[in-house]
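Order of writing sets the chain letters: A, B and C. Residues in each chain are counted from 1.
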Amino acid sequence: MAENKATIILLSGDMDKVFAAFIIATGAAAAGMDTTVFCTFWGINAIRKDTLTGKSFMARMLGLLNRGGLRRLNPSKFSFGGMGRWMFSKMMVDKGVASLEELRETMIDLDVHLLACKMSMDVMEITPEDLIDEVEGVVGVAKMIKEAASSSIQLFI
Amino acid sequence: MAENKATIILLSGDMDKVFAAFIIATGAAAAGMDTTVFCTFWGINAIRKDTLTGKSFMARMLGLLNRGGLRRLNPSKFSFGGMGRWMFSKMMVDKGVASLEELRETMIDLDVHLLACKMSMDVMEITPEDLIDEVEGVVGVAKMIKEAASSSIQLFI
Amino acid sequence: MAENKATIILLSGDMDKVFAAFIIATGAAAAGMDTTVFCTFWGINAIRKDTLTGKSFMARMLGLLNRGGLRRLNPSKFSFGGMGRWMFSKMMVDKGVASLEELRETMIDLDVHLLACKMSMDVMEITPEDLIDEVEGVVGVAKMIKEAASSSIQLFI
(Lines give C-alpha, C1' and ligand atoms only; values in the text may rest on other atoms or scores of the structure.)
Protein backbone atom coordinates (compact mmCIF):
# COMPACT_ATOMS: atom_id res chain seq x y z
CA MET A 1 0.00 0.00 0.00
CA ALA A 2 1.18 3.48 -0.87
CA GLU A 3 1.89 5.48 2.27
CA ASN A 4 2.61 9.18 2.65
CA LYS A 5 6.21 8.57 1.65
CA ALA A 6 8.59 9.72 -1.07
CA THR A 7 11.63 7.76 -2.29
CA ILE A 8 14.21 9.32 -4.60
CA ILE A 9 16.86 7.14 -6.21
CA LEU A 10 19.74 9.46 -7.08
CA LEU A 11 22.16 7.92 -9.59
CA SER A 12 23.28 11.15 -11.22
CA GLY A 13 26.12 13.33 -9.99
CA ASP A 14 25.26 16.18 -12.37
CA MET A 15 24.82 19.46 -10.52
CA ASP A 16 21.40 20.22 -12.02
CA LYS A 17 20.03 16.77 -11.26
CA VAL A 18 21.38 16.69 -7.70
CA PHE A 19 19.81 20.10 -7.31
CA ALA A 20 16.46 18.79 -8.57
CA ALA A 21 16.68 15.77 -6.25
CA PHE A 22 17.42 17.97 -3.22
CA ILE A 23 14.63 20.43 -4.10
CA ILE A 24 12.08 17.63 -4.56
CA ALA A 25 13.18 15.88 -1.35
CA THR A 26 12.98 19.16 0.58
CA GLY A 27 9.56 19.90 -0.89
CA ALA A 28 8.22 16.43 -0.11
CA ALA A 29 9.52 16.54 3.47
CA ALA A 30 8.10 20.06 3.93
CA ALA A 31 4.73 18.70 2.75
CA GLY A 32 4.87 16.16 5.58
CA MET A 33 6.00 13.16 3.57
CA ASP A 34 8.45 10.65 5.05
CA THR A 35 11.24 11.15 2.51
CA THR A 36 14.25 9.02 1.58
CA VAL A 37 17.10 9.79 -0.84
CA PHE A 38 18.91 6.61 -1.88
CA CYS A 39 22.27 7.58 -3.42
CA THR A 40 23.95 5.23 -5.88
CA PHE A 41 26.79 5.47 -8.45
CA TRP A 42 27.63 9.15 -9.10
CA GLY A 43 24.87 10.18 -6.70
CA ILE A 44 27.13 9.08 -3.83
CA ASN A 45 29.11 12.28 -4.50
CA ALA A 46 26.16 14.25 -3.16
CA ILE A 47 26.71 12.77 0.32
CA ARG A 48 30.51 12.45 0.32
CA LYS A 49 33.00 14.45 2.28
CA ASP A 50 35.38 16.35 0.05
CA THR A 51 38.21 13.81 0.02
CA LEU A 52 39.94 11.35 -2.29
CA THR A 53 39.16 7.71 -1.56
CA GLY A 54 40.04 4.18 -2.55
CA LYS A 55 43.26 2.29 -2.26
CA SER A 56 43.58 0.20 -5.41
CA PHE A 57 44.90 1.67 -8.65
CA MET A 58 41.40 1.39 -10.17
CA ALA A 59 39.73 3.10 -7.27
CA ARG A 60 42.37 5.82 -7.15
CA MET A 61 41.98 6.48 -10.85
CA LEU A 62 38.18 6.58 -10.53
CA GLY A 63 38.57 8.73 -7.41
CA LEU A 64 40.70 11.21 -9.33
CA LEU A 65 38.14 11.44 -12.08
CA ASN A 66 35.23 11.35 -9.73
CA ARG A 67 36.17 13.83 -7.02
CA GLY A 68 33.57 13.84 -4.28
CA GLY A 69 31.85 16.69 -2.56
CA LEU A 70 29.04 19.01 -3.53
CA ARG A 71 31.35 21.83 -4.60
CA ARG A 72 32.80 19.75 -7.44
CA LEU A 73 29.59 18.80 -9.26
CA ASN A 74 29.16 20.05 -12.85
CA PRO A 75 25.83 20.59 -14.62
CA SER A 76 24.83 17.95 -17.19
CA LYS A 77 25.29 20.53 -19.95
CA PHE A 78 27.62 23.48 -20.51
CA SER A 79 30.33 22.25 -18.19
CA PHE A 80 33.23 24.13 -19.86
CA GLY A 81 35.74 22.75 -17.39
CA GLY A 82 33.95 24.16 -14.35
CA MET A 83 32.78 27.43 -15.96
CA GLY A 84 29.17 26.20 -16.17
CA ARG A 85 29.20 25.30 -12.50
CA TRP A 86 30.43 28.77 -11.60
CA MET A 87 27.84 30.43 -13.86
CA PHE A 88 24.96 28.42 -12.42
CA SER A 89 26.05 28.91 -8.85
CA LYS A 90 26.41 32.65 -9.41
CA MET A 91 22.95 32.95 -11.01
CA MET A 92 21.40 30.98 -8.17
CA VAL A 93 23.03 33.16 -5.55
CA ASP A 94 21.97 36.29 -7.49
CA LYS A 95 18.38 35.03 -7.54
CA GLY A 96 18.37 34.08 -3.86
CA VAL A 97 18.13 30.34 -4.52
CA ALA A 98 19.62 28.12 -1.81
CA SER A 99 22.99 26.50 -2.56
CA LEU A 100 23.39 22.71 -2.65
CA GLU A 101 25.04 22.85 0.78
CA GLU A 102 22.12 24.84 2.19
CA LEU A 103 19.58 22.51 0.60
CA ARG A 104 21.36 19.51 2.08
CA GLU A 105 21.26 21.15 5.50
CA THR A 106 17.53 21.79 5.07
CA MET A 107 16.93 18.16 4.07
CA ILE A 108 18.74 17.02 7.20
CA ASP A 109 16.76 19.47 9.35
CA LEU A 110 13.54 18.07 7.84
CA ASP A 111 14.60 14.49 8.71
CA VAL A 112 15.05 13.31 5.12
CA HIS A 113 16.69 9.87 5.27
CA LEU A 114 19.97 9.83 3.38
CA LEU A 115 21.01 6.30 2.38
CA ALA A 116 24.00 5.06 0.38
CA CYS A 117 24.02 2.07 -1.96
CA LYS A 118 26.24 -0.67 -0.59
CA MET A 119 27.22 -2.16 -3.96
CA SER A 120 28.26 1.20 -5.43
CA MET A 121 30.40 1.88 -2.39
CA ASP A 122 32.05 -1.53 -2.65
CA VAL A 123 32.80 -1.09 -6.35
CA MET A 124 34.17 2.44 -5.93
CA GLU A 125 35.94 1.54 -2.65
CA ILE A 126 34.17 4.28 -0.74
CA THR A 127 33.94 3.60 2.99
CA PRO A 128 31.26 4.83 5.41
CA GLU A 129 33.90 7.20 6.83
CA ASP A 130 34.04 8.94 3.44
CA LEU A 131 30.37 9.95 3.75
CA ILE A 132 28.98 12.90 5.68
CA ASP A 133 27.99 12.00 9.23
CA GLU A 134 24.27 12.51 8.61
CA VAL A 135 24.01 9.50 6.27
CA GLU A 136 21.72 7.07 8.09
CA GLY A 137 23.02 3.89 6.59
CA VAL A 138 24.66 1.92 3.81
CA VAL A 139 22.01 -0.41 2.45
CA GLY A 140 21.31 -2.87 -0.36
CA VAL A 141 18.86 -2.75 -3.22
CA ALA A 142 16.29 -4.82 -1.29
CA LYS A 143 15.85 -2.04 1.28
CA MET A 144 15.46 0.53 -1.52
CA ILE A 145 12.83 -1.60 -3.31
CA LYS A 146 10.91 -1.97 -0.06
CA GLU A 147 10.88 1.79 0.53
CA ALA A 148 9.94 2.59 -3.07
CA ALA A 149 7.12 0.03 -3.18
CA SER A 150 5.40 1.63 -0.20
CA SER A 151 5.91 5.22 -1.35
CA SER A 152 3.35 7.33 -3.15
CA ILE A 153 6.17 9.17 -4.92
CA GLN A 154 9.16 7.28 -6.36
CA LEU A 155 11.54 8.97 -8.78
CA PHE A 156 14.77 7.87 -10.46
CA ILE A 157 17.05 10.85 -11.02
CA MET B 1 -4.51 8.16 -2.54
CA ALA B 2 -3.44 7.40 -6.06
CA GLU B 3 -5.98 8.74 -8.54
CA ASN B 4 -6.21 8.14 -12.27
CA LYS B 5 -3.52 10.76 -12.87
CA ALA B 6 -0.08 10.91 -14.42
CA THR B 7 2.62 13.45 -13.54
CA ILE B 8 5.78 13.82 -15.61
CA ILE B 9 8.64 15.96 -14.34
CA LEU B 10 10.64 16.98 -17.40
CA LEU B 11 14.12 18.24 -16.52
CA SER B 12 15.85 17.18 -19.72
CA GLY B 13 16.01 19.23 -22.88
CA ASP B 14 17.46 16.36 -24.94
CA MET B 15 15.40 15.69 -28.05
CA ASP B 16 14.98 11.97 -27.37
CA LYS B 17 13.91 12.50 -23.76
CA VAL B 18 11.48 15.32 -24.61
CA PHE B 19 10.12 13.00 -27.26
CA ALA B 20 9.67 10.21 -24.70
CA ALA B 21 7.97 12.61 -22.27
CA PHE B 22 5.55 13.84 -24.94
CA ILE B 23 4.75 10.30 -26.14
CA ILE B 24 4.11 9.09 -22.57
CA ALA B 25 1.97 12.15 -21.74
CA THR B 26 -0.03 11.71 -24.94
CA GLY B 27 -0.49 8.01 -24.25
CA ALA B 28 -1.56 8.60 -20.65
CA ALA B 29 -4.05 11.31 -21.65
CA ALA B 30 -5.40 9.11 -24.46
CA ALA B 31 -5.93 6.37 -21.86
CA GLY B 32 -8.14 8.77 -19.91
CA MET B 33 -5.62 9.82 -17.26
CA ASP B 34 -5.53 13.40 -16.00
CA THR B 35 -1.98 14.22 -17.12
CA THR B 36 0.46 16.94 -16.10
CA VAL B 37 3.90 17.76 -17.51
CA PHE B 38 5.92 19.87 -15.10
CA CYS B 39 8.83 21.44 -16.99
CA THR B 40 11.95 22.46 -15.11
CA PHE B 41 15.58 23.41 -16.02
CA TRP B 42 16.29 22.41 -19.66
CA GLY B 43 12.77 20.99 -19.93
CA ILE B 44 11.49 24.56 -20.07
CA ASN B 45 12.81 24.64 -23.65
CA ALA B 46 10.05 22.22 -24.60
CA ILE B 47 7.41 24.87 -23.85
CA ARG B 48 9.29 28.01 -24.90
CA LYS B 49 8.68 30.19 -27.88
CA ASP B 50 11.66 30.32 -30.18
CA THR B 51 13.24 33.50 -28.82
CA LEU B 52 16.25 34.67 -26.86
CA THR B 53 15.51 35.74 -23.29
CA GLY B 54 17.05 37.30 -20.20
CA LYS B 55 18.53 40.69 -19.65
CA SER B 56 21.57 40.21 -17.44
CA PHE B 57 24.93 39.14 -18.88
CA MET B 58 24.55 35.75 -17.19
CA ALA B 59 21.07 35.17 -18.54
CA ARG B 60 22.06 36.30 -22.02
CA MET B 61 25.04 33.97 -22.02
CA LEU B 62 22.89 31.08 -20.80
CA GLY B 63 20.23 32.07 -23.33
CA LEU B 64 22.73 31.94 -26.15
CA LEU B 65 23.86 28.49 -25.13
CA ASN B 66 20.40 27.33 -24.28
CA ARG B 67 18.32 28.48 -27.26
CA GLY B 68 14.67 27.72 -26.68
CA GLY B 69 12.13 26.12 -28.96
CA LEU B 70 11.45 22.57 -29.99
CA ARG B 71 13.33 22.86 -33.27
CA ARG B 72 16.63 23.40 -31.51
CA LEU B 73 16.71 20.31 -29.28
CA ASN B 74 19.52 17.79 -29.85
CA PRO B 75 19.39 14.10 -28.95
CA SER B 76 21.33 13.04 -25.83
CA LYS B 77 23.77 11.13 -28.05
CA PHE B 78 25.17 11.62 -31.54
CA SER B 79 24.58 15.34 -31.63
CA PHE B 80 27.32 16.14 -34.22
CA GLY B 81 26.51 19.85 -34.11
CA GLY B 82 22.90 19.36 -35.15
CA MET B 83 23.49 16.46 -37.56
CA GLY B 84 21.98 13.95 -35.13
CA ARG B 85 18.87 16.07 -34.75
CA TRP B 86 18.45 16.20 -38.51
CA MET B 87 19.01 12.45 -38.85
CA PHE B 88 16.50 11.57 -36.16
CA SER B 89 13.90 13.98 -37.43
CA LYS B 90 14.30 12.62 -40.95
CA MET B 91 13.97 9.00 -39.83
CA MET B 92 10.89 9.84 -37.80
CA VAL B 93 9.26 11.60 -40.74
CA ASP B 94 10.20 8.68 -43.01
CA LYS B 95 8.57 6.26 -40.57
CA GLY B 96 5.43 8.36 -40.14
CA VAL B 97 6.15 9.22 -36.51
CA ALA B 98 4.70 12.55 -35.29
CA SER B 99 7.10 15.47 -34.91
CA LEU B 100 7.66 17.14 -31.53
CA GLU B 101 5.47 20.04 -32.66
CA GLU B 102 2.67 17.66 -33.64
CA LEU B 103 2.97 15.74 -30.39
CA ARG B 104 2.77 18.97 -28.42
CA GLU B 105 -0.38 19.94 -30.33
CA THR B 106 -1.86 16.53 -29.55
CA MET B 107 -1.04 16.91 -25.86
CA ILE B 108 -2.78 20.27 -25.82
CA ASP B 109 -5.81 18.82 -27.64
CA LEU B 110 -5.95 16.05 -25.03
CA ASP B 111 -5.94 18.63 -22.20
CA VAL B 112 -2.53 17.69 -20.81
CA HIS B 113 -1.62 20.34 -18.23
CA LEU B 114 1.66 22.07 -19.10
CA LEU B 115 3.27 23.71 -16.07
CA ALA B 116 6.57 25.58 -15.73
CA CYS B 117 8.83 25.55 -12.68
CA LYS B 118 8.92 29.02 -11.10
CA MET B 119 12.42 28.71 -9.67
CA SER B 120 13.98 27.60 -12.96
CA MET B 121 12.34 30.51 -14.72
CA ASP B 122 13.63 32.96 -12.11
CA VAL B 123 17.17 31.61 -12.34
CA MET B 124 17.22 31.60 -16.13
CA GLU B 125 15.32 34.92 -16.35
CA ILE B 126 12.60 33.42 -18.49
CA THR B 127 9.29 35.29 -18.23
CA PRO B 128 5.77 33.85 -18.73
CA GLU B 129 5.67 35.76 -22.04
CA ASP B 130 8.56 33.61 -23.28
CA LEU B 131 6.42 30.48 -22.94
CA ILE B 132 3.86 29.20 -25.43
CA ASP B 133 0.35 30.45 -24.68
CA GLU B 134 -0.97 27.00 -23.76
CA VAL B 135 1.15 26.78 -20.59
CA GLU B 136 -1.38 26.73 -17.74
CA GLY B 137 0.78 28.21 -15.07
CA VAL B 138 4.14 28.90 -13.49
CA VAL B 139 4.19 26.99 -10.20
CA GLY B 140 6.46 26.01 -7.35
CA VAL B 141 7.74 22.63 -6.24
CA ALA B 142 4.94 22.28 -3.64
CA LYS B 143 2.30 22.13 -6.38
CA MET B 144 4.34 19.54 -8.28
CA ILE B 145 4.77 17.36 -5.16
CA LYS B 146 1.01 17.53 -4.52
CA GLU B 147 0.23 16.41 -8.08
CA ALA B 148 2.83 13.64 -8.05
CA ALA B 149 1.73 12.28 -4.66
CA SER B 150 -1.81 11.75 -5.90
CA SER B 151 -0.83 10.28 -9.28
CA SER B 152 -0.67 6.60 -10.10
CA ILE B 153 2.12 7.33 -12.59
CA GLN B 154 4.97 9.70 -11.72
CA LEU B 155 8.12 9.81 -13.81
CA PHE B 156 11.25 11.98 -13.75
CA ILE B 157 12.65 12.43 -17.24
CA MET C 1 -5.14 0.37 -8.15
CA ALA C 2 -1.48 -0.19 -7.39
CA GLU C 3 -0.68 -3.90 -7.44
CA ASN C 4 2.49 -5.67 -6.33
CA LYS C 5 4.13 -4.77 -9.63
CA ALA C 6 7.18 -2.83 -10.81
CA THR C 7 7.55 -1.21 -14.24
CA ILE C 8 10.86 0.16 -15.44
CA ILE C 9 11.02 2.26 -18.60
CA LEU C 10 14.58 2.00 -19.88
CA LEU C 11 15.43 4.73 -22.40
CA SER C 12 19.13 4.96 -21.63
CA GLY C 13 21.82 2.81 -23.19
CA ASP C 14 24.52 4.04 -20.79
CA MET C 15 26.26 1.15 -19.05
CA ASP C 16 25.73 2.50 -15.55
CA LYS C 17 22.03 3.18 -16.11
CA VAL C 18 21.37 -0.19 -17.75
CA PHE C 19 23.16 -1.70 -14.79
CA ALA C 20 20.92 0.21 -12.36
CA ALA C 21 17.81 -0.86 -14.28
CA PHE C 22 18.85 -4.53 -14.24
CA ILE C 23 19.74 -4.42 -10.53
CA ILE C 24 16.43 -2.77 -9.60
CA ALA C 25 14.44 -5.19 -11.78
CA THR C 26 16.26 -8.16 -10.29
CA GLY C 27 15.70 -6.83 -6.78
CA ALA C 28 12.01 -6.18 -7.37
CA ALA C 29 11.46 -9.63 -8.89
CA ALA C 30 13.40 -11.25 -6.03
CA ALA C 31 11.09 -9.41 -3.61
CA GLY C 32 8.13 -11.11 -5.30
CA MET C 33 6.99 -8.21 -7.48
CA ASP C 34 5.67 -8.84 -10.99
CA THR C 35 8.34 -6.87 -12.85
CA THR C 36 8.46 -5.45 -16.38
CA VAL C 37 11.33 -3.70 -18.19
CA PHE C 38 10.06 -1.70 -21.17
CA CYS C 39 13.02 -0.88 -23.42
CA THR C 40 12.85 2.14 -25.71
CA PHE C 41 15.35 4.22 -27.75
CA TRP C 42 18.94 3.41 -26.63
CA GLY C 43 17.54 1.01 -24.04
CA ILE C 44 16.77 -1.40 -26.87
CA ASN C 45 20.52 -2.10 -26.98
CA ALA C 46 20.16 -3.84 -23.63
CA ILE C 47 18.03 -6.56 -25.24
CA ARG C 48 19.63 -6.74 -28.70
CA LYS C 49 21.75 -9.47 -30.15
CA ASP C 50 25.21 -8.24 -31.03
CA THR C 51 24.59 -7.48 -34.71
CA LEU C 52 24.29 -4.56 -37.11
CA THR C 53 20.75 -3.84 -38.27
CA GLY C 54 18.71 -1.69 -40.62
CA LYS C 55 18.71 -1.53 -44.36
CA SER C 56 18.33 2.13 -45.29
CA PHE C 57 21.32 4.46 -45.30
CA MET C 58 19.93 6.25 -42.24
CA ALA C 59 19.42 3.05 -40.29
CA ARG C 60 22.84 1.72 -41.27
CA MET C 61 24.47 4.96 -40.18
CA LEU C 62 22.58 4.91 -36.87
CA GLY C 63 23.38 1.20 -36.54
CA LEU C 64 27.07 1.90 -36.96
CA LEU C 65 26.96 4.58 -34.29
CA ASN C 66 24.61 2.67 -32.10
CA ARG C 67 26.09 -0.84 -32.04
CA GLY C 68 23.85 -3.17 -30.11
CA GLY C 69 24.66 -5.71 -27.45
CA LEU C 70 25.48 -5.47 -23.79
CA ARG C 71 29.24 -5.67 -24.33
CA ARG C 72 29.30 -2.38 -26.20
CA LEU C 73 27.63 -0.11 -23.65
CA ASN C 74 29.68 2.77 -22.24
CA PRO C 75 29.12 4.46 -18.89
CA SER C 76 27.43 7.89 -18.97
CA LYS C 77 30.69 9.49 -17.80
CA PHE C 78 34.38 8.73 -18.33
CA SER C 79 33.90 6.82 -21.54
CA PHE C 80 37.45 7.41 -22.95
CA GLY C 81 36.69 5.46 -26.10
CA GLY C 82 35.84 2.29 -24.22
CA MET C 83 38.42 2.66 -21.44
CA GLY C 84 35.76 3.60 -18.89
CA ARG C 85 33.75 0.53 -19.81
CA TRP C 86 36.77 -1.68 -19.30
CA MET C 87 37.63 -0.02 -15.99
CA PHE C 88 34.09 -0.36 -14.63
CA SER C 89 33.76 -3.94 -15.77
CA LYS C 90 37.10 -4.82 -14.22
CA MET C 91 36.23 -3.21 -10.89
CA MET C 92 32.90 -4.99 -10.83
CA VAL C 93 34.50 -8.34 -11.51
CA ASP C 94 37.17 -7.63 -8.87
CA LYS C 95 34.42 -6.85 -6.34
CA GLY C 96 32.34 -9.90 -7.23
CA VAL C 97 29.49 -7.90 -8.75
CA ALA C 98 27.50 -9.70 -11.45
CA SER C 99 28.14 -8.67 -15.06
CA LEU C 100 25.36 -7.22 -17.22
CA GLU C 101 25.05 -10.57 -19.00
CA GLU C 102 24.72 -12.41 -15.68
CA LEU C 103 22.18 -9.89 -14.41
CA ARG C 104 20.13 -10.30 -17.57
CA GLU C 105 20.19 -14.05 -17.11
CA THR C 106 19.01 -13.61 -13.53
CA MET C 107 16.19 -11.32 -14.64
CA ILE C 108 15.05 -13.93 -17.13
CA ASP C 109 15.27 -16.68 -14.49
CA LEU C 110 13.12 -14.53 -12.19
CA ASP C 111 10.48 -14.09 -14.94
CA VAL C 112 11.03 -10.38 -15.45
CA HIS C 113 9.04 -9.37 -18.55
CA LEU C 114 11.29 -7.83 -21.20
CA LEU C 115 9.34 -5.69 -23.66
CA ALA C 116 10.52 -3.60 -26.61
CA CYS C 117 8.98 -0.31 -27.78
CA LYS C 118 7.42 -0.75 -31.21
CA MET C 119 7.91 2.84 -32.34
CA SER C 120 11.61 2.90 -31.45
CA MET C 121 12.12 -0.31 -33.36
CA ASP C 122 10.32 1.06 -36.41
CA VAL C 123 12.35 4.27 -36.37
CA MET C 124 15.67 2.49 -35.92
CA GLU C 125 14.68 -0.35 -38.29
CA ILE C 126 15.31 -3.00 -35.67
CA THR C 127 13.33 -6.19 -36.26
CA PRO C 128 12.14 -8.70 -33.62
CA GLU C 129 14.82 -11.08 -34.96
CA ASP C 130 17.47 -8.59 -33.83
CA LEU C 131 16.35 -8.97 -30.21
CA ILE C 132 17.35 -11.74 -27.82
CA ASP C 133 14.87 -14.64 -27.82
CA GLU C 134 13.68 -13.98 -24.27
CA VAL C 135 11.99 -10.69 -25.20
CA GLU C 136 8.27 -11.31 -24.61
CA GLY C 137 6.90 -8.85 -27.10
CA VAL C 138 7.15 -5.67 -29.10
CA VAL C 139 4.46 -3.34 -27.76
CA GLY C 140 3.15 0.20 -28.01
CA VAL C 141 3.07 2.97 -25.45
CA ALA C 142 -0.54 2.15 -24.46
CA LYS C 143 0.55 -1.22 -23.05
CA MET C 144 3.38 0.44 -21.16
CA ILE C 145 1.04 3.08 -19.66
CA LYS C 146 -1.36 0.35 -18.58
CA GLU C 147 1.43 -1.58 -16.82
CA ALA C 148 2.87 1.53 -15.17
CA ALA C 149 -0.51 2.79 -13.94
CA SER C 150 -1.14 -0.44 -12.05
CA SER C 151 2.38 -0.73 -10.61
CA SER C 152 3.43 0.34 -7.15
CA ILE C 153 6.92 1.11 -8.51
CA GLN C 154 7.39 2.91 -11.82
CA LEU C 155 10.75 4.36 -12.78
CA PHE C 156 12.06 6.08 -15.91
CA ILE C 157 15.76 5.35 -16.38
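We take it that a contact is a pair of C-beta atoms (placed from the backbone, for glycine too) under 8 Å apart; a residue touches a chain by one contact, two chains touch by 3 or more.
None of the values given here were measured: they were computed from a predicted structure.
Shared residue numbers account for under half of those found at the interface formed by chain A and chain C, and the copies are therefore classed as meeting with different residues. Least-squares overlay of CA atoms from chain A onto chain B yields a rotation of 120° to the nearest 5. Taking each chain's centre as the average of its CA atoms, chain A and chain C sit 24 Å apart.
For chain A, the set of residues that touch two or more other chains comprises 2, 154-156.
Across the complex, chain A meets chain C through its residues 1-2, 9, 11, 13, 40-42, 56, 58-59, 61-62, 65-66, 119, 122-124, 141-142, 144-146, 148-150, 154-156. Within the complex, the chain B residues that touch chain C are 2, 4, 6, 16-17, 20, 23-24, 26-28, 30-31, 33, 77-78, 87-88, 90-92, 94-95, 97, 152-157.
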